[in-house]
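Two complexes follow with subunit A in common, the first pairing it with subunit B and the second with subunit C.
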Partner chain A sequence: MKPISTTSATAGASVRISRLEKRFGPVVAVDGVDLDIAAGEFIALLGPSGSGKTTILMSVAGFEFPTSGAIEVDSEDLTYVPSNRRNLGMVFQNYTLFPHMTILDNVAFPLKMRGLPRAEGHARAEAALATVRLAGYGHRRPNELSGGQQQRVALARAIVYQPRVLLMDEPLSALDKNLREDMQLEIKRLHAELGITVIFVTHDQGEALTMADRIAVLKDGRIQQLGPARELYERPANLFTAGFIGEMNFVDVMVKSIGATIAVALPWGETWQLPAAAAVDAMEPAQAAVLAVRPERLELGAGAAGQVGDRQAVEGQVIKVTLSDIVYAGSALLLIGRLPDGTEIRARLPGASRLGSLAAGDVASFTVPAEAALLYRRSAR
Partner chain B sequence: MKAPTDRGALLLGAYVYAVLAFIIVPLVIVIPMSFSQNDYLAFPPTGFTLKWYAEYFDSRQWRAATWLSVQVAFLTAICASLIGTAATYAMVRGRSRLVSLFQILLIGPIIVPHIALAVGLYLFFQTIGLSGTVPGFVLAHTVLTLPFVVFTMAAALGKVDANLESAAMSCGATRLQAFRFVTLPLVLPSLASGALFAFIISFDEPVVSFFLSGIRQKTLPRRMFEDIEQNLTPVIPAIATLLIVLSILILLGGHALRSRSKTQSSAG
Partner chain C sequence: MKGGSRSRFWHSDGRRLSGLSTVLLLVPFFAVIAFVFVYPIAQLLVISVAEPHPTLGNYARVVDNPVHVRVLMRTLWTAALVTALSVVLGFPVAYYMSRVKGVRAALVAVCVILPLWSSVLVRTAAWSFLFQRNGLINSALMALGLTSQPFKLLYTQSAVVIAMTHVLLPFMILPIYGSLRSIPNDYVRAAAVLGATRLRTFLEVILPLSLSGVVSGSLLVFLTALGFFITPALLGSPQEMMISTLVSKQIREVLDWPFAAALVGVLTVFVTVLALVFSKTLRFDRLMGSAS
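Here is the complex of A and B:
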């Protein structure tokens, strides 16, 4: 075990995961994942359950040994080093405080394992508790604290020995919504303060989008997309990410011709000219494709009467939607309806929008701004 | 509408008390018999004397048998708790496919008739020279008492979140340290109560001891059977009375430990 640094400032370490593969019998949990994490970066591993995100984290933590591939922290190969000799901080989903110890002893536990004298260990544990704003709670027992406080103690315990990497396995999913938002900010603050590298596993996309510098979207043990929140949201790299992150409308189309613009045939017979930049996947004529538009990018068409605008307009295309539901949700107004061919479509407008006399059953016009449309190959779905 | 349930409750109460009386009365009868002045076992007892207790404590044979039983029970309690805890840990945390087979083997001694086990052990121990020795008794009794330790420990270990150990290891603890500092303190009350069970079961185990006892090395239950066959003096009720008192004390101790472990685990 490495000696504990005596300076209070902790610098993060870089983490390199290369060609990581983990099989459980016939099941491939992680299928060749490469991930380079810069020192001090906040990375979120986001995916549905069974996507392999937790297995990747457990491999970094040393609780699972990969079938093949390597894990390096600051260029040091840790792939098969036992978890207790990795010097990484870890926070689990269900707090995992030791119920028979006081809060102070819990936080001082890693220092005790590193052979630090009791008094010094307690002094440092006190300081770590102050960092998570729980100074003075040291004499209590874990069961005397609320869930949020317990998770903050777990956080203090994970950073008390100044690890260079902090691993978090869905640390907020056991907390209720308000507490979760507080803790998100708390963790962001700690990350900024300590300069520690954070790998954060979550299935909550909102959490990943708000907290992480970069997000790795996972499915079936593979990284679908890796990038900052804005990039992920505004230009999903594939149909899975497009459907997984946020809400998305999908319309099946056929590519007719490709030139300065891409001409696509819509199921109800219209032909649209889309900017070439709309194509996320490479397109070719007669390609079966999917047109994707975020519900909040749809604009309620000019006239309340539902006039069809200029079909060839570069600024956007107009669609006619037969409304089936109008849902008022305070900050947003959700309109659900069907396109002429029956495809369901959703539009999300600001809650204060005036709908005039629009009601369920009416036909409304929406404008699809040219830059809001994304085009994917259909086979890639 | 309430009357029938009340009558049912009354009947149930009467039935429960009858069963309890049926079980407890023989125990209670033994106690006055141990103070009887008669030279043979008889009911009702006559007079009052402590001479049977004196005879028990004065007799070298009785003392030797008691000492052997205490030794065996003590060592059995230690062996059974060590092996039982380690085995249960493997069962609860292990990922091996052999776990279920292992479980059957551990719990087997409860299902297999003791007489069958006794005969087998007798023949085997005769050949390898363990018959009538302390290690022989301890081995045999450890097998018999393991299921009880396994049951109590399986319940206790099952309640300890495996992630607690992972957390300890991420804090720098080795697997052994994680067990020592986190798991063990949490299951200690159950471990102690399992050890007490093992002690009591070994201490008055008659069947296997009957087969394994040598000419000199006899456990207390075996010695008592012999005395009943040959003498039938009130020494037997005297010893029985002492054993009843001892058992009650141990059971109360075990109960106290278990309730402590309950409050602790519910607190955790």
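Here is the complex of A and C:
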């Protein structure tokens, strides 16, 4: 057995998931997932329920054996190794502290299973509790602790034996919002301190964007996009990711011609010239497409677009929106309205300085900056 | 029903009952219990100390006569044996029930619960048929060449213990099943990922968390076994009486009501003391098999 200590940092292990497939009868839960996770990386599996993210984690933990494919940790094939011999750490959604044991016995449990003498196990458990800032809570019972404290104990229990990979299954979804943010920082701090590889399953995109080095967006058992938060948010690889991550406005358009710029026909008859870089998918003339713009990228007023026709292509386009709702949202102002053809559109303006000057029923002009427009192929929807 | 009358029976949230409807719902039940249980028991206890004149002599007769002490001890021992056998036989069944799903779970549940729907008399009679000198068990043993002479099975204490265990087994299985079912599957997974083998997971997590069910079931079986009448009366030996058969004999044949009442008094004390000692672990919600 390797020496165990809770003070010195251990390096994480690399994880390679290849061609992973899991079927439950006729249902394909995971459909050929490949994922290479670097040692020490913090990766989030993000997706709606039924997207296969939990099944992937269960396969890594050894609670489910995949139908086909392989899972390797540091090049060691663990695909069919039972959970208790994988030496991975895991934190569950519902804490899963054993209610009949004290906090200290809970944290010392994995050490006891590894045959460590009781006194030594308790000393290390005490140290692990200190790293999650719960020193002195060892004699209590799980039901005497708050949800956040219980989850920190679960975290201490998952790292006390220094696993090289930490699996987290929606560990914060049972906590209220403020506590959740505290715990996000706590987990980030532990990740930095321990250098452990983290695989974090969540359906909360905010959580994934703030915590993970890279995010794998999943849908129907497949990875839709894999990349760092900024890339996912700024240039979603497909319509699903564009709609799933953050807020997005969508307008159906037709591609007219492709040259140095892409000319698209808008539903209300205008034709816009968009930069070639706006096309995320390959475009061809007469292609049905979707124009996507983030609500916070819309600028109130027509000023930025300029008056000269040929400058519009680089500076941006102007849209006229009939406002239906003006929602004060604290740090931002949310404007909801309709384009001339009736498509709903949302804009978020920082601050609330315009609150007084806008009213429902007004027609407001917004500028769509050229670099804010993204163009996707329209599949049959 | 309009708002006016409704508010008298429900609180405005529509979920909790008002005080009036609570009383209306419970009064019939408690009236019957008071009339057919509390009142007669109280009467018996009064008789045990008041007749033929105010005295503790009836209780002294229970303790002074070694035959009666032996009956009492035999009753306690039999109840304990039946309880122990029920735990040993019932725990694996309850564990299996808690681990399987679908058709198999329903099948086992039916097998456990179905006997409860037939009367104790029928089940006991079935055993007496099996235990006969040339009954199925003896014929089978002889056919297999395990014995040349039929065993004496009927009218023995063994027959009583076997049949009582059979009758009371569901009362052991259901509470244990309830406590096992209330253990979240994630505990088992957590134990596994933390390095516990299946055996360690069972010993360190599942067993300790199911103990409340074992205690509840044991208490239920033990207390019921103490007062069991039909099975000992039909399958037991007259030389090895249990307390219930002794009470019956005193009332129906000897007509010694004060002494029978004292025997009931002793039994009541045992039951009450045990129930109080274990009242903390006896969780009635667990008896219903619900998660706590």
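In this text, the second predicted complex is superposed on the first by the 357 of 381 C-alpha atoms of A that agree within 3 Å, B and C clash if a C-alpha of one lies under 4 Å from a C-alpha of the other, contacts with A are read in each partner's own complex, and residues count from 1 in each chain.
In the analysis below, a contact is a pair of C-beta atoms (placed from the backbone, for glycine too) under 8 Å apart; a residue touches a chain by one contact, two chains touch by 3 or more.
What you are looking at is a predicted structure, and each value in this text was computed from that prediction instead of being measured.
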Is the arrangement of subunit B and subunit C around the shared subunit A a clash or a fit after superposition? clash
Looking at A:143 after the superposition, I want to know if it touches subunit B, subunit C, both of them or none. Which is it: first, second, both, neither? first
Contacts of A:16 with subunit B and subunit C, given as first, second, both or neither: neither
Can A:109 be said to touch subunit B (first), subunit C (second), both, or neither? both
Identify the residues of subunit A that lie in both the subunit B contact region and the subunit C contact region. 61-63, 82-84, 86-90, 92, 94, 96, 98-100, 109-110, 113-114, 157-158, 161, 167
In the complex of these two chains, what residues of subunit C are touching subunit A? 184, 186-187, 189-197, 200, 204-205, 208-209
So, in the complex, the side of subunit A touching subunit B is made of residues 1, 61-63, 82-90, 92, 94, 96, 98-100, 109-110, 113-114, 141-143, 154, 157-158, 161, 167
Complex contact set, residues of subunit B against subunit A: 161, 163-164, 166-175, 177, 181-182, 185-186, 264, 267-268
Touch list for subunit A against partner subunit C, complex: 61-63, 82-84, 86-90, 92, 94, 96, 98-100, 109-110, 113-114, 157-158, 161, 167
